[in-house]
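Labels A, B, C, D and E are assigned to the chains in the order they are written; within every chain, residues are numbered from 1.
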Amino acid sequence: MAQDRMAPFLRGGKSMLLAYDQGLEHGPSKDFDERNVDPSFIMETAIKGGFNGVVFQKGVAERFYTGKVPLIVKVNGKTSLPQGEPVSKQVCTVEHAVSLGAKAVGYTIYLGSACEAEMLADFGRIQEEAHRRGVAAIAWIYPRGEGVQNDTSKEIVAYAARTGLELGADAVKIKYTGDSASFSWAVKSAAGVRVFMSGGPKTSTDEAFLQQVRGVMDAGATGLAVGRNVWQHRDPVMMAERIRKVIFENKSPEEA
Amino acid sequence: MAQDRMAPFLRGGKSMLLAYDQGLEHGPSKDFDERNVDPSFIMETAIKGGFNGVVFQKGVAERFYTGKVPLIVKVNGKTSLPQGEPVSKQVCTVEHAVSLGAKAVGYTIYLGSACEAEMLADFGRIQEEAHRRGVAAIAWIYPRGEGVQNDTSKEIVAYAARTGLELGADAVKIKYTGDSASFSWAVKSAAGVRVFMSGGPKTSTDEAFLQQVRGVMDAGATGLAVGRNVWQHRDPVMMAERIRKVIFENKSPEEA
Amino acid sequence: MAQDRMAPFLRGGKSMLLAYDQGLEHGPSKDFDERNVDPSFIMETAIKGGFNGVVFQKGVAERFYTGKVPLIVKVNGKTSLPQGEPVSKQVCTVEHAVSLGAKAVGYTIYLGSACEAEMLADFGRIQEEAHRRGVAAIAWIYPRGEGVQNDTSKEIVAYAARTGLELGADAVKIKYTGDSASFSWAVKSAAGVRVFMSGGPKTSTDEAFLQQVRGVMDAGATGLAVGRNVWQHRDPVMMAERIRKVIFENKSPEEA
Amino acid sequence: MAQDRMAPFLRGGKSMLLAYDQGLEHGPSKDFDERNVDPSFIMETAIKGGFNGVVFQKGVAERFYTGKVPLIVKVNGKTSLPQGEPVSKQVCTVEHAVSLGAKAVGYTIYLGSACEAEMLADFGRIQEEAHRRGVAAIAWIYPRGEGVQNDTSKEIVAYAARTGLELGADAVKIKYTGDSASFSWAVKSAAGVRVFMSGGPKTSTDEAFLQQVRGVMDAGATGLAVGRNVWQHRDPVMMAERIRKVIFENKSPEEA
Amino acid sequence: MAQDRMAPFLRGGKSMLLAYDQGLEHGPSKDFDERNVDPSFIMETAIKGGFNGVVFQKGVAERFYTGKVPLIVKVNGKTSLPQGEPVSKQVCTVEHAVSLGAKAVGYTIYLGSACEAEMLADFGRIQEEAHRRGVAAIAWIYPRGEGVQNDTSKEIVAYAARTGLELGADAVKIKYTGDSASFSWAVKSAAGVRVFMSGGPKTSTDEAFLQQVRGVMDAGATGLAVGRNVWQHRDPVMMAERIRKVIFENKSPEEA
């Protein structure tokens, strides 16, 4: 079954991924400090924090991936600098990602962009190649561009999730709608495709973030791909531990 | 003969297909509810409703197609979000569609779009590959974009049908013109290519829809590809039964 | 020699072709009636009218070509709907055209269009492939778009003819300039490439059309590709007969 | 050495080429008359005039090239009709050019055009293929388009010449700057790449043209590719003879 | 390890490269004089100056590379003439660069350009091919275009360096920020990818340039790729000697 391809990243059907593609997507000066600019620190955090997977661009994987946590290689990417309609093209072949040890490839689609068609077509091709090579194809689906007003509305987030299903993604990474009830519509729209919340920028308090995680899990999602809320945290391993309790032990934010 | 490739979808030369690509084309929040958001419900409806074929994107086919009704895989697709001239690119190879059990591939052409040339070329390529692999190539032909004022006029609908013939489609799916007499010009323009009416949005009454089906069949068409008028219906199997009577038993809407 | 590839379409070095790609280029409602919308009628007319070749898009050839008249398959095409600079892309491979029995492929170039470069490049590629497969490459060359004021001036028609020579076409199909003297400059510019007049819309009288044919032949052209002036005619076979007399028996319009 | 690939076109390290691609680039009505519209006349002039090479598009080469003078096939081309930024795409494969007997391929780059990048990339690819097949790659480099004010300034002509060197051309064809001193900077910038002056439009007197040729040779160039100043001349063979004396016998325009 | 691919260019982990692609990027009239317009002079300077590598476009390498200093071939390039968003396309295959003796290929990315996506994708492909062929892939990363205000700010230079890491470059060539402290953030962002300062235009005094080199080395960079500050210098070998002392002997500008 399609879901089996996500097995390397699951524990009891749930998952906590560590995302670290912000160096390309946002730039080091926006998100990094002297500590987390170093990918070794992230790799170490992935291991110590008990993550079920780590997300790197190929260059970081080539130099810093140690094989101790399952690997997802992002195969497209862009910087935050260009001003036009968002588009992100393939920068890594599926073959190369697999040669680096990846058990999944990640691809970002900007739904609603004037360049949407190009990204849908690329993902369609990559999905087939990933499956031929026995790895999962995970779609980062972010509504953005000329056709998008509000990228966290119930309707648009569900549309993102559904697009993952229609195109044969093994999992989708989407933004949180803000409440569990509306997010559950996205999960239903995905119809079995694994749903991961995209962690987003660091929240003002840990509890605010854990509340989101709780809502996501209550909505039936598989888990989350978190970056800044962990590796920008004073104590990433402790924060990972708290998130883990919410995801896997069904704890409330207060208990976690 | 070219027509033979449509044989898996025909009963006595007529056909009733169940379309379910709206999750990608319109988004789940526009067309779906808690029941029909689930592709299992659609697959079940296709079987119970006695449909001659079911239309899925590859992702839905991979997870939910059971093989009990002949399969058409749409090989291109887009969301409703982008604002520019409509264009839909290939997201599934013909090879992959066939590997999923498809007996036909479907491809949407937006006739009159500034991107028309790209879609005509893609369909031309896909048609040849489909035929090489022994499956039918069905063209969804929707006039839309800068060059189109009225997409249901007799003239434009006939143009759509004719384009299917010229490019070697085995069947075309086109909009209804509103009356049987004008639709028969589209059927004549198709010159033997199987003509299917595109079901469109749910009509206010069942009779209104059955009336369209009657007009389509009277015009010499092969049948229809219906989605929302069945799976948004309170009782999809009953509605399918009524449509079937109009198509195959030559009943009037009142009799059906 | 290059000219030999046109041999299947020649009788005594002259030729009369029946063109029927208007279903795609203009749409059925503009050019067709209940009779000529049916490609069987055209195929029959080609045979009874003694034509030296018939021009179809692949879809029409697949269903209606009977092999009794040499076949030219148009390998690109567009509708009349889009508003931008004219561009027509390849919709049929040369390989497929040949498999349908074609002895030549036809390709339309809109000279002067902002997309001219794309079409010149495509034709260049197709010409080489056609010759490798042993069939002729015929260029329909129509000046149109941003760079063209008057598409029937002596200068522009000669430019069209010459472009066919430069790119290695076996024959060119071009518009009539209006008089034999100026058209002979186009024939000279083609320097041995077979020149066919494009028939154009139905003239008000048969004589008006025959006059054009006479002028074309007097200018040294090979013949014409006629469509509407034959198959829109009340008596297509009779009209074909008259044209034939002008072309092959050197008759005047009055004699024919 | 790279220069050896030009050996077929050299006599004592100098060269006089006959260019005849104006039928496509300018159109027959602009440059041709009843005599020179015929490629046979040009081929004959190339032989009688003692030219070291002749430049044709593939279509002209296919029909008129007799093998008696070394052949250069232009592998891209455009008409003068489109209004936008100049771009010329490949219309002939290197393989085909070689099969016609070409000892070199020619490719035009419009330096400074908004489409420059596309042409640089194409030439880069063609250069490698030409060398793999053992023939020379000659770059016609014409500054033109949005980034160019004056296409014959010392600076821009040297830039054109240098671009040929950087991209690995065996020879460049560039415009004359107007005086020998400034043109020698272009020759120096080419750093060993063979420099040919582009003949340009017919000058008012023969002496005016021969003066240019003298200046070009004095600047250290290899020779010129001349078209209109020869085949528009009342006596092309006599004019060729005069040019030859300037190039090969180091004569002054007056002596020649 | 990835770094090993840079070994041919390193001495004690440090490096001084001689860049000479300005003939294409800026044009000969902007940067060259009668002496340095000749690539032989540059090759000689590279040898006598003890450089660890020399950077040529393929055409210069084909004619002037002698094999005595390790070679880097730039595989994309553009002129300074076009006015639009900066884009530089591949003009040399990796295979060809390697056949010329290159131990590394160089590729320029204009970060923030509207064409950024195209260049990121190209570099991603080239990086994989370079590594398959056993040579290094060096990214020239210059922020430029619609998305860039200040191309030497700490933030943007670090973003450039980081992009090199993310895409798997073996080394990056970036601009100097102006001071060592801020440049060290770029070095940290590169996380082990070799950082080279781009030499830039000739400084008013030698000391001003050596000061930059000192700052770059103090920031932890590998070295620099210098062009104009050496080969525009009255005494290039002496200037190279001074730079070498700063890089390899840890001298101050005054000592050097």
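As a convention for this text, a contact is a pair of C-beta atoms (placed from the backbone, for glycine too) under 8 Å apart; a residue touches a chain by one contact, two chains touch by 3 or more.
Every value quoted in this text rests on a predicted model; they were computed, and no experiment measured them.
*Asks:* Any chains in contact with both subunit D and subunit E?
*Replies:* none
*Asks:* What whole-number Å value describes the gap between the mean CA coordinates of subunit B and subunit D?
*Replies:* Comparing mean C-alpha positions, subunit D is 56 Å from subunit B.
*Asks:* I'd like the Å distance between the centres of subunit A and subunit E, where a centre is the mean of that chain's Cα atoms.
*Replies:* So the centroids are 35 Å from each other.
*Asks:* Would you please write down the residue numbers of subunit E that are in contact with two or more other chains?
*Replies:* Residues of subunit E touching two or more partner chains: there are none.
*Asks:* What's the contact topology between the chains, one of line, ring, star, complete, other?
*Replies:* Contact map by chain: ring.
*Asks:* Considering the complex alone, what residue numbers of subunit D touch subunit C?
*Replies:* Subunit D reaches subunit C through residues 21, 23-24, 27-30, 32, 34, 37-39, 57-60, 62-64, 77-79, 81-84, 87-93, 96.
*Asks:* Okay, in this complex, where on subunit D does subunit E touch?
*Replies:* Those in contact with subunit E are residues 1-2, 111-114, 116-118, 120-121, 123-125, 128, 143, 145-148, 154-155, 158-159, 161-169, 185, 188-189, 191-193.
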